[in-house]
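Common to both upcoming complexes is chain A, partnered first by chain B, then by chain C.
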Partner chain A sequence: MASAPPPSTGRELLSPPTDGISNLRFSNHSDHLLVSSWDKSVRLYDATANALRGEFMHGGAVLDCCFHDDTSGFSASADHTVRRLVFNYNREDVLGRHDGPVRCIEYSYATGQVITGSWDKTLKCWDPRSSSGQDRSLVGTYTQPERVYSMSLVGNRLVVATAGRHVNVYDLRNMSQPEQRRESSLKYQTRCVRCYPNGTGYALSSVEGRVAMEFFDLSETGQSKKYAFKCHRKSEAGRDIVYPVNAIAFHPIYGTFATGGCDGYVNVWDGNNKKRLYQYTKYPTSIAALSFSRDGRLLAVASSYTYEEGDKTHEPDAIFVRSVNEVEVKPKPKMLPNPAS
Partner chain B sequence: MGKKKKRGAVDKVWCYYCDREFEDEKILVQHQKAKHFKCHVCHKKLSTAGGMAIHVLQVHKEQVTKVPNAKAGRESTEIEIYGMQGIPADVLASHYGEEDDENPSKAAKIDLPLSQIGGGVIPRSLGVGYPPQPLPPHYNPRIPGPPGGWQIPPRPQPWYPQHPTVPVPLPGQAGLPQQPLFPVHNIQSPVPSTATPGLQPILPITPPGMPATAPPVPVSQPLFPVVPNSNIPPQSSPFSAPIPSMSLPLSSSSEIKSAEPLFGGTLATNHYGIPGTPAIPIANSHSYASGPNTGGPSIGPPPVIANKAPATQPATNEVYLVWDDEAMSMEERRLSLLKYQVHDENSQMSSIDAAIDRRISESRLAGRMAF
Partner chain C sequence: MSACHGNVLLRMQSAFGSLLYELQLIWEEIGESDDERDRMIAELEQECLEVFRRKVDQVNMRRAQLRLAIADAEAEFAAICSEIGEQPVHIRQSDRKPESLKAELRMIQPLIEELRKRKNARKNQVSEVLTEMQNIKNEICSSDGVSSNEPPTIEPDLSIKKLEELHRDLRALQMEKKKCQKMTQDRLNSLHSLCVVLGLDLKKVANEIHPSLGEAKSSKNISNSTIEKLGTAIQQLRELKLQRMQQLQDLTASLLELWNLMDTPIEEQQVFQKVTCKLAASEDEITEPNMLSIDHINYVEAEVSRLEELKESKMKELVLKKRAELEDICRKTHLTPERESAMAMAIAMHATESGSVDAACVLDAIELQIARAKEEALSRKEILEKVEKWMAAREEESWLEKYNRDGNRYNAGRGAHLTLKRAEKARALVNKLPAMMDTIASKILAWENERGIEFIYDGVRLLTILEGYKVLRKDKEIQRKRQRDQKKHHGQLLTEQEAVYGSKPSAIKNSNVKKAPRLSYAGASNRKLSLGEPMLQSHVTPAAKVLPNIRTTKKNECINQKSPRLSYAGASSRKVSLVEPMLQSHVTPAVKVIPNIRTTKKNECMNQNRKDDRHAASSSVQRRGLNRAGVTTKQHSSNLSTAREAERQLMRKPFSPLSSANPSKTAAANVMEDLNRKHNELWQKLLTINRTPPNIKLRAEQENRTPQKTPTTSPLTPGTISIPMPTAVTPASIKMTSIARVEEELEYSFEERRAHFVLPKSPLINVGTK
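Let's look at the complex of A and B:
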């Protein structure tokens, strides 16, 4: 490692994908980072060593990826496949297929299943322990009101956000029907949904520079806590430029969260105090994805043009890993009593 | 179309600019956005002709005097048209070949949502089954708004008569010369349902010192920042006003919300933030109502809002959404590009390629792999 202080954006990862980054995730077991890309690859990096450890090619753009454990992971591709990737042996096999591009993938430790969401308007659950091949591993298919855009898991709850601003909340133990069928509180297209680490609700962002903080508890008290705020906007020359909020990532320890938008900024927010804690230096281009490491000390930022203005020349797609300082993510003591309590 | 009689939903809607007809207004609006309200420089779709002209002027520094693809006599960017709204009575009449201005149903239809909102200028988005088109604030600014109040624009053609609650009380304002775009109708309690579920941007404010807004400040800025959103932080204050006090007929609020951007389900917003009060901060309604066009108090927010700082009014800022395509996500658009095409026939080829790639990477990584 160089002795010079890291740049304000964080350290740039070597051998990044050759096209846009669709998502990146830190492992729950180490500082390995799994990155899915529009260049049809899934790459595994050792973030601390800044080294590429593995690469898997697919038939089409890879739209999402997740870890199983430190030895394997899963990927969701535009070529309709759901694949399992075994890192050590650089082997991969197709777990199954959807009828359309697979947009989201999650692995549930609670149920040991892989869940995928696709633009074919379905959710599918797979059992990775069975031998590969669609027939064997598919556990169930669940129709959604619209194309799946984003998903998030916490404990036994799965939140699925689709086109048309629908939001379905499932209890993984009973997938026959959603536990809650909701609609996004925001008026614009949903971009990303992420559950709070404490399992009480989820944050949902839209293309209109806004994030809504929602709660699973449907009682009056529960719903009274919900709110939304504007972010990732710029005001210039008499107009407000409103950017999509592409990514949300919760700090595993403090429960505060970072949001990344097409404006190239990453903001860290304190959801309870309803304040912004920090704003990182602007990145070269849109923020496509964010992920905190399992101990919350590192934040991986995918600075990768997300085609919000079509195909055009843009800054090179890059991944930055920055060390997180406590002051940037630690909530301040409460100034007012929490109305929610 | 020969005989145009107001027959409600069965009538076809048509485009003021080029006279083309469409099955329903949603398609008409999409057509207008793509053909008449699209910036010729960057292809951004605006929400009105005027909005497009302003965009071209501000962003590309060029003056647009004519609406693209419009027929002669219909090219003015000054006249505020959105879907079927804003069409001058005489043009409407000549299109149908007969004048029909006392069907309350259309008015009602429009009113419906409006009434809920308590009047005010609600961009037609309200109630008009509109599809996911966020009503860009561009629209508002130009709305002539019913002077002082809510008049129900006589809509000669039966537009979406399906509103169950057609408020009959609409006095036939048939004579209205100018189509007030927001037929607000007898609103007794203009409960301006807040347009936005969101709360005011509490966050952008620097951390220290926003205690006031901490609690459920439901005041949310309307989705379209028609309102002086620009200065959000400070604004919040006024909005933070104890909304709870507004216990206006909330139900309406929800309606308004729906009006907003496409999906009718605004109800959700109702739950927003306000502790206990379903009502939504009037503020939002203001935004709509006042819209930029409001020349001032005339359109003004419905009387209701007492504690709302009229700040919302002067809709100052135009709001520019970097991604305004409600129908598709950025990834879907991107995938549709030629370079990302994945064909089924190719999947076999892809797997072969994948196998080859894998072998290549295996050998490449062999040297690097620690395990």
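Let's look at the complex of A and C:
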């Protein structure tokens, strides 16, 4: 346990990764936290006990990771591999391989498949139950218009955001072609995409301090609900300084969401009422990733320089786990249920 | 007795004897004579007898008295008995003869006493009943509470039979009283219900009839007169009720009518639901309290009058509207509203305003007029349409005249071809005018013949208008002829003048004035673009931006060719600016990339520089070494101070993609060249100063070489240049798309840059190391 946890930012986890944090995720079953990092490692923490429970070293920087269940997970690495990690035996094996660095990884509970997106402009689905070996586990390869930058899953829907501001929406049951092909409504490069927990749409953030709230429903009424808002900006001497929005995380219960930007701030928003609910005190450096725990009581914040200004000296990478007050994430009363709730 | 008597006698004889003896003795002593003695004894005897007799008489008297008393008692007894109607008890008969008179008397006394008591009781009873009867009688009959309270005359007949009779009478009276009470109560009740409905104070009404009726608890006066009064009161109230009911129903009826008329909302009606549902109710059905109170009636009346007023105002409104409609029809058909009817209408309007005339009448009148006007309008329609056309033709004619007077009408300007076309049409139309007028005139004549009235157009006979116009036209023609002659004359003068001085004054001098707005238009579009959102607009606008520039500045061929390319450069800078926000916030090398593009492009001004730009941009995106580049560009730009426009662009947002179009606008081409040279030097210096890795330099050289291979001879048309339209089949288009692809690949995420990830299929050399 940390001796005197700073109350404003939350409890800092001991033994953090030694290089940039690419992603972190809470388990769906416990308060375990899986963290991937540029230091070629994937680490498993027990967030409540503040203890490191496991560490896996890879051949290259790890760009993404996700849980399978509480005993195993998957990782996407810049060395083109997709790996399965078994926490109990501290064992790992290669599930498959892409032609380029693997940027995103998701595990679908609906289909039992692992989906990976890579800079080789493809999406691949893997069946982790089959015996290891690329030929066996690979379910399909789906070409994307550009390099995959971000991915998010909800139910049978998969949203893939790529370079060139493309957004493809897939139905996992029919991956042969995208259900919808869209262009990001933001004008700048997509940083992060996350689906609403209620499955009606997704939020998409860009490098230019903006978040777009989109809806799957293609009808006019459905599309009339979409909007975008500016955030993570600073006005200084009459000039706006705009920061990339690196991370979006939805609260599993209230459907509100947190965004993290290169300004080091975490903001909590009520998407339905278009209101900011809360802003946490500034973190030492850019927010690289965010994750709410399964019950929404904890928020893991990766404060880690995201290389937006190239190689430079920066604050040490750190993971903060803060307990979330209900006031900070609950939509204000009188409001109707959130589209994302 | 006899013994006793005998004893008494014996004792008297012995007393007498002793006394005689003594007397004898005394006499002997005295020696009285015998005579004396005899006489004395005789006297004695006499006196004794006397005393005896007196006593016997006394006793006899007493006996007679007793007998009298008994007789009296007996008589009384009998009297009482007969009085109370009882069989006299025969005392003597009943018991045996009493021994003595005294006993007899003693026996008869208590009987009498008792009888007396009974008689008294009976008397009391009777009197009681009688008083009661009297009271009831009084109550029922007397007009007022003051009843005659004289004690009832005691009737001698106190028999039971009589008493019973009296009781019967009393009961009958009581019944009667009850009946009266009930009747009173009934009447009071109905009075009460009436009062409730009418909203009157029951107590007050009752008190007026009789004070006792007002109080709830106390016994009510039930006299006939009261009942009668009650009856009349009820009758009165009922009449009042009927009257009010009639009133209310009348009101209700008008209320309903008004609602119906004005579509009053249900909520408003709901308030009077209670009233309206009683519209057809009979008198008995109206039982609701206060339904017919004065207040309530007033309330309903107020509502009715309110609605009435509302209706009135609506009517007025309607009248006004109708009138407006009528006027509108008249105006449209150029009818003059009949003067007298208009007057009447005005009066009527005034009257309705003041409320003296029913608006409905006025409404009817107006509607009649409208119908008439419509009818007339229909008949006039054909002619009016023609007149309309004629008017339009006249308008066109006058415009044409004005246009003909305009000396600069053939100047090529924006929309000039349109005016030309219009003039052509107008001329054709004017030629048709006379024929048009002839038809109109004949039609009017036909119409007038048919109707027997003149065709009035806006108060004037249309034929006269036509005549007037004909005259005017003739005048104009004469004038025109004169003018033509004059012009011919003037032309002659001019040619003479030219022959003398050799110059011809030109009327076309202010063409620059016409151009100015166009210039400013281009500027405006630039400004708008430079304000932000460079992405989309730069996609669309290159052609728009470029074309005016070409036209206005009328530069030589070379620059003309250049401008599309410049716009392309702008587009390329757009791609780079994808990372702009971040760059804006942190002073990163990429910030300087864009100015670099601009300057390099400027400095080379040639077709082949296109590749270089892109290369320079991409190289500096990847390399962060060229830190000084931004500063130098700024210096360079300040050198451009002579080219004002360009500088203004620079002062704006550094990312505005459009600034590239500006140099073409600067007239001082030589200054630019000069500056370009300077900048070229700077650029070279920078490349060397910054110690860029050799591979980059190498690549730069390679890239520099490639343009020479590309066909420079084919000038790019603006249409094919715009990047989103790569489908054009010009030879340049292939190149364009490939360039566009390369452009796309300039976009990298932070992670890709960190991983030094470069797309493998890119024609660029993969600098990234794994």
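Just so it is clear, the second predicted complex is superposed on the first by the 327 of 341 C-alpha atoms of A that agree within 3 Å, B and C clash if a C-alpha of one lies under 4 Å from a C-alpha of the other, contacts with A are read in each partner's own complex, and residues count from 1 in each chain.
Definition applied: a residue touches a chain if its C-beta (ideal position, glycine included) is under 8 Å from a C-beta of that chain, and two chains touch if they have at least 3 such contacts.
Values in this document were obtained by computation on a predicted structure and should not be read as measured data.
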So, on chain A, is it clash or fit between chain B and chain C? clash
Chain touching more of chain A, residue-wise (chain B, chain C): B
Answer with first, second, both or neither: which of chain B and chain C does A:G100 touch in the superposed model? second
Kindly classify A:D295 by the partners it touches after superposition: chain B alone (first), chain C alone (second), both, or neither? neither
Touching A:D69, do we find chain B (first), chain C (second), both, or neither? neither
Which partner does A:E220 reach: the first (chain B), the second (chain C), both, or neither? first
Which partner does A:E309 reach: the first (chain B), the second (chain C), both, or neither? both
Regarding the shared-chain residue A:S235, is it in contact with chain B (first), chain C (second), both, or neither? first
Footprint overlap on chain A, comparing chain B with chain C: 20, 22, 38, 61, 63, 78, 101, 103, 119, 147, 149, 163-164, 187-189, 191, 207-208, 239-244, 262, 306-310
Show which residues of chain A lie in contact with chain C when the two form their complex. 20, 22, 38, 61, 63, 78, 100-101, 103, 119, 146-147, 149, 163-164, 187-189, 191, 207-209, 234, 239-244, 262, 306-310
Going by the contact rule set out above, which residues of chain A touch chain B in the complex? 20, 22, 38, 51-61, 63, 78-80, 88, 90-92, 101, 103, 119, 147, 149, 163-165, 182-189, 191, 207-208, 210, 212, 220, 223-231, 235, 237-244, 262, 269-270, 273-277, 306-311, 332, 335-336, 339
Interface with chain A, chain B side, in the complex: residues 58, 132, 134, 196-208, 210-211, 213-218, 220-221, 223, 225, 229-230, 232, 257, 260-263, 265-269, 271-276, 316-335, 337, 340, 342, 346-347, 350-351, 353-354, 357-358, 361-362, 365, 368-371
Using the touch definition from the top, list the residues of chain C that touch chain A in their complex. 533, 535-536, 578-582, 584-586, 588-589, 624, 744, 747-755, 757, 759-760
